[in-house]
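In the part that follows, the structures are each spelled out as structure tokens.
In the two assemblies presented below, subunit A is common to both, partnered first by subunit B and then by subunit C.
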Partner chain A sequence: MMDETAMYHQPTETTPLRIIPNRDNTPDGATQVAIRQLNFFYGKSRALNDVSVNVPANAVTAIIGPSGCGKSTLLRAINRIYELYPDQRAEGEIEIDGRNVLDRTYPLSDLRRKVGMVFQKPTPFASSIRNNVGFALSYYERLSKSEINDRIEDALKQAALWDEVKDKLNQSALGLSGGQQQRLCIARTIAVKPEILLLDEATSALDPISTAKIEELVHELRETFTILIVTHNMQQAARVSQRTAFFHMGELVEFGRTRDIFTNPVQQRTQDYITGRFG
Partner chain B sequence: MPSRLLTRRLADWLAFLFASAATLFGLFWLFWILWTTLAHGFAALNGRLFTEMTPPPGSEGGLLNAFYGSLAMILLALVIGTPLGIAAGTYLAENGRYSRLAKMVSFLNDVLLSAPSIVIGLFVYELAVVPAGRFSGYAGALALALILLPIVVRTSDEALRLVPDQMREAAFALGIPRWRVTSRILYKAAATAISTGILLGVARIAGETAPLLFTALGNQFWSAQLNQPLASVPVVIFQYAMSPYDEWHTLAWAGAFILTVFVLGLNLAVRVVARRGK
Partner chain C sequence: MQQAREHTLKAFDEDLDRLRALISEMGGLAEHAIQEAMRCLIQRDVEGAELVVDGDARIDDLEIETERRVVQLIALRAPMAGDLRDSIAALKISAVVERIGDYAKNIAKRVPQLGGAQIEPMSLLPEMARIAAGMVHDVLDAFVNRDAEAAVRVCQRDQAVDDFYDSIFRALLTFMMENPNNISQSAHLLFVAKNLERVGDHATNIAEMVYYAATGRYMGDTQKYGGTR
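And now, the complex of A and B:
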């Protein structure tokens, strides 16, 4: 490993990226997710170091930073998906709706109903399109058949997929294109009406057109949901988010309005990263 | 450099030659076995093979009771071994994935997997035949189930492990409890591999003779009752092939031919299932 400071200030031959952030100027909303002194461990190695941040409601918060900086780890802590692996653990507090969700007594299914997650690679279940969207829905709510169909339609419409699949709801989801599969995963997640959406590099496996569709979708979904999006594509962060958090080596280096982070960062490390000097 | 190109071409050609020779070598034995059983058993390969019982020495007959016995015991072994095996495989791959107990169970399962089948026959003899006071189809089925079980455990364990963690995470991220994730999503994703394992397990137990010798014993006559000694194809082949009678030899060959074709058919079915799953 290189010396940390040397890494930041090394001049590079690459042209600095020109990133034009969106002009969005939404005022500070209420805090939806309050993260306090979060530490995260993979076995003995620490991946997050004392992270504290207030994620605003009904806005898109982008989490950026070089590989291995802990940005995905943060998302995985919020819905406690890390608990699938016995050697991973989180310390600290993540408060949603006034309760610490990291508390062992907080029921996992309540948390994950409230906090949906979409992953890097599309993960359709080996079943029909209808079953993919209805799967979690029929677990959480006692609905009649027509109610379920309505909810499936709503979710697919919200995910901007309805027009493409309405005539083949009973066909296998595996037959859809990658971009469609990813929108299906979004539909599946929002079908249970969560409050928060976690998108973990949800477009990095997709082609530019599918990526654009999902970015557009994120823009619309933010009216309804609080969205956290992890991305290694800084242009994407600048395009879709109102707030940006820059992580480096497990630390939250800077958090603020996306516009400020990209045009006028306070920290030297942020400046170096967004201009493409490292990472 | 032409000399390097020449070396590569030569290596390629040699590898192709060896691979083709190895394939032909394997196929050669398979066809020889099929041919031999067919040639020797041809005289008995007629309708009576499937409609008449095993005959007394000196007369002609068929293998109906043996086919029935084999089929009944294989089915019962499947009924016992498959659910248990899938459940244990699920424990190893899912619920107990990180536990020490699962590692131990997995090791013991490997031991059972490689246990000589005659040992399993003797074990079931002690367990089921001695207390009941007689040989029976049930005991035979139990012995076959004990051979099938570790195969199903191992293949369902591996099939579930092949389901990518991302799929698991995506399902759990919806807040669905483990049993439902397993039964609705993981089994579906692993169905092809699990059924492949079961079919291969059936192919394996269909030809087992040793575990049936001390358990089902065999039966010269028609008997549909599983609590009585029961005939089976491999045991009849064994007994008839060892006998001094020509008619019995022919029947043994015919039985061997049918058994080989059955196992071959199962293996082909596995390929079809596996291809459909993709």
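And now, the complex of A and C:
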């Protein structure tokens, strides 16, 4: 397992590393998603205001903030899902692997392959468990039947679902429990081997045991993927992430190590929010 | 970082306020115990000293009550950032205040054993005790008010307590050498002086905890000693 501290210099106790929002949001170590001066509009209303942040590779970054602060909008911008809706547009840059993915010439199918997304409600296709995971695989890659079966098995194992479904791969995915369906969606997403996983409130509809399973999964998957997780549950952000970004009214208020944000945030607004003093 | 705003959940504020009140009450009792033990020592008030010894049980009870409430607060409210630091500080401070209460009890226990006429170095002890008890009082005020600057000022007073200890130590040593009849009483007073010196050290430790709780940073040596060391 990769030691988190190996990625950057360990600050001494007296000089904690402080990442100042909108100035130098660059943690030491590799950046997977470089967001620069991102503005997002729903019609005329601006939902993100000059957001700049470097999301580190192979780590979990949690995005927290009150409803309407822009956290889901940020995820929607990263995978350009907003393009499906009229009147929504993004300005600025989101650089992944050296290319601005907001550029219209950047092929959406490439982006979809690099960036997987899991939503609040499990969204299995009304088909077999096998087809749910295999569908995107056969869409993106030319694979033999046995290769596809291997990849389905790998993905289900990575999503910690294999043992529960291996004997009923041909049964409908709709027969699974909510927690299992959500893990199936994660399996479906990671089957095509994306680089980045976006989880938008992926556990908010699940019971605590299913939630714990997904959190454990996220913890395991961070070695392979760069994960961004939007959550209303601050305990969850504290449990699963290494970095936390706090948004308020479309603005990135503070971005830093999760352990600093939850023990000693720099900004008053962050302190008020995480201690439950937001009026 | 300010904690001026109230929690959206009022009961959370009540829990934190109750915790501060407990620490404040413990501190008040410990401070009073030191002063009362010293008064009994000077006035050879054996009965009063017994009350100080008995009164320590209340401080012990409050420490347990504080621990219970902190554990409950962490389990039920999941405090974060400044709230979390305050809760942990309350837990640690209660243990230290309990220890300060023990020192006062130790001093009171010596009252019946002193005997004989007062010897001269005794005259320095009340002033030393006044400073040490004052540090306890002020550092707990600093905790209740989340006042890091006040905590720093408390630390800077510890040097005076240490200086008193050194003077008293030398004076008692001289007395013991001059007249072996003084040895028993001098030895007792030496322990009293040592207890007071430890009270000052503990107040300094609490000040460091208060500073961290209030600021999220550790107090540097320059702040602690005011650049005198």
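Note that the second predicted complex is superposed on the first by the 250 of 279 C-alpha atoms of A that agree within 3 Å, B and C clash if a C-alpha of one lies under 4 Å from a C-alpha of the other, contacts with A are read in each partner's own complex, and residues count from 1 in each chain.
Methods note: a contact is a pair of C-beta atoms (placed from the backbone, for glycine too) under 8 Å apart; a residue touches a chain by one contact, two chains touch by 3 or more.
Note that this is a predicted model, so its numbers are computed, not measured.
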* Overlaying on subunit A: subunit B and subunit C, fit or clash? -> fit
* With the two complexes superposed on chain A, say which partner A:Phe278 touches: subunit B (first), subunit C (second), both, or neither. => second
* Which of subunit B and subunit C A:Pro265 touches, first, second, both or neither -> second
* Quick one: classify A:Leu75 as touching subunit B (first), subunit C (second), both or neither. => neither
* Partner chain(s) touched by A:Val192 [first = subunit B, second = subunit C, both, neither] -> first
* Partner chain in contact with A:Ile35 - subunit B first, subunit C second, else both or neither -> neither
* First (subunit B), second (subunit C), both or neither: which does A:Arg113 touch? -> first
* Answer with first, second, both or neither: which of subunit B and subunit C does A:Pro86 touch in the superposed model? => first
* More residues of subunit A are touched by which partner: subunit B or subunit C? -> B
* Shortest C-alpha to C-alpha distance from subunit B to subunit C once the two structures are superposed, in angstrom? -> 33
* Do subunit B and subunit C land on any of the same subunit A residues, and which? -> none
* **Residue ranges of subunit C in contact with subunit A within the complex** => 1-3, 5-9, 12, 78-85, 216-218, 220
* **Touching residues (chain side subunit A, partner subunit C) in the complex** => 13-14, 16, 234-235, 238, 261-265, 268, 270-272, 274-279
* Write out the stretch or stretches of subunit B touching subunit A in their complex. => 98, 164-177, 180, 184-185, 188-189
* Along subunit A, where are the residues that touch subunit B in the complex? -> 79, 81, 84-86, 108-113, 116-117, 119-121, 123, 125-127, 135-136, 139-140, 185, 188-189, 192
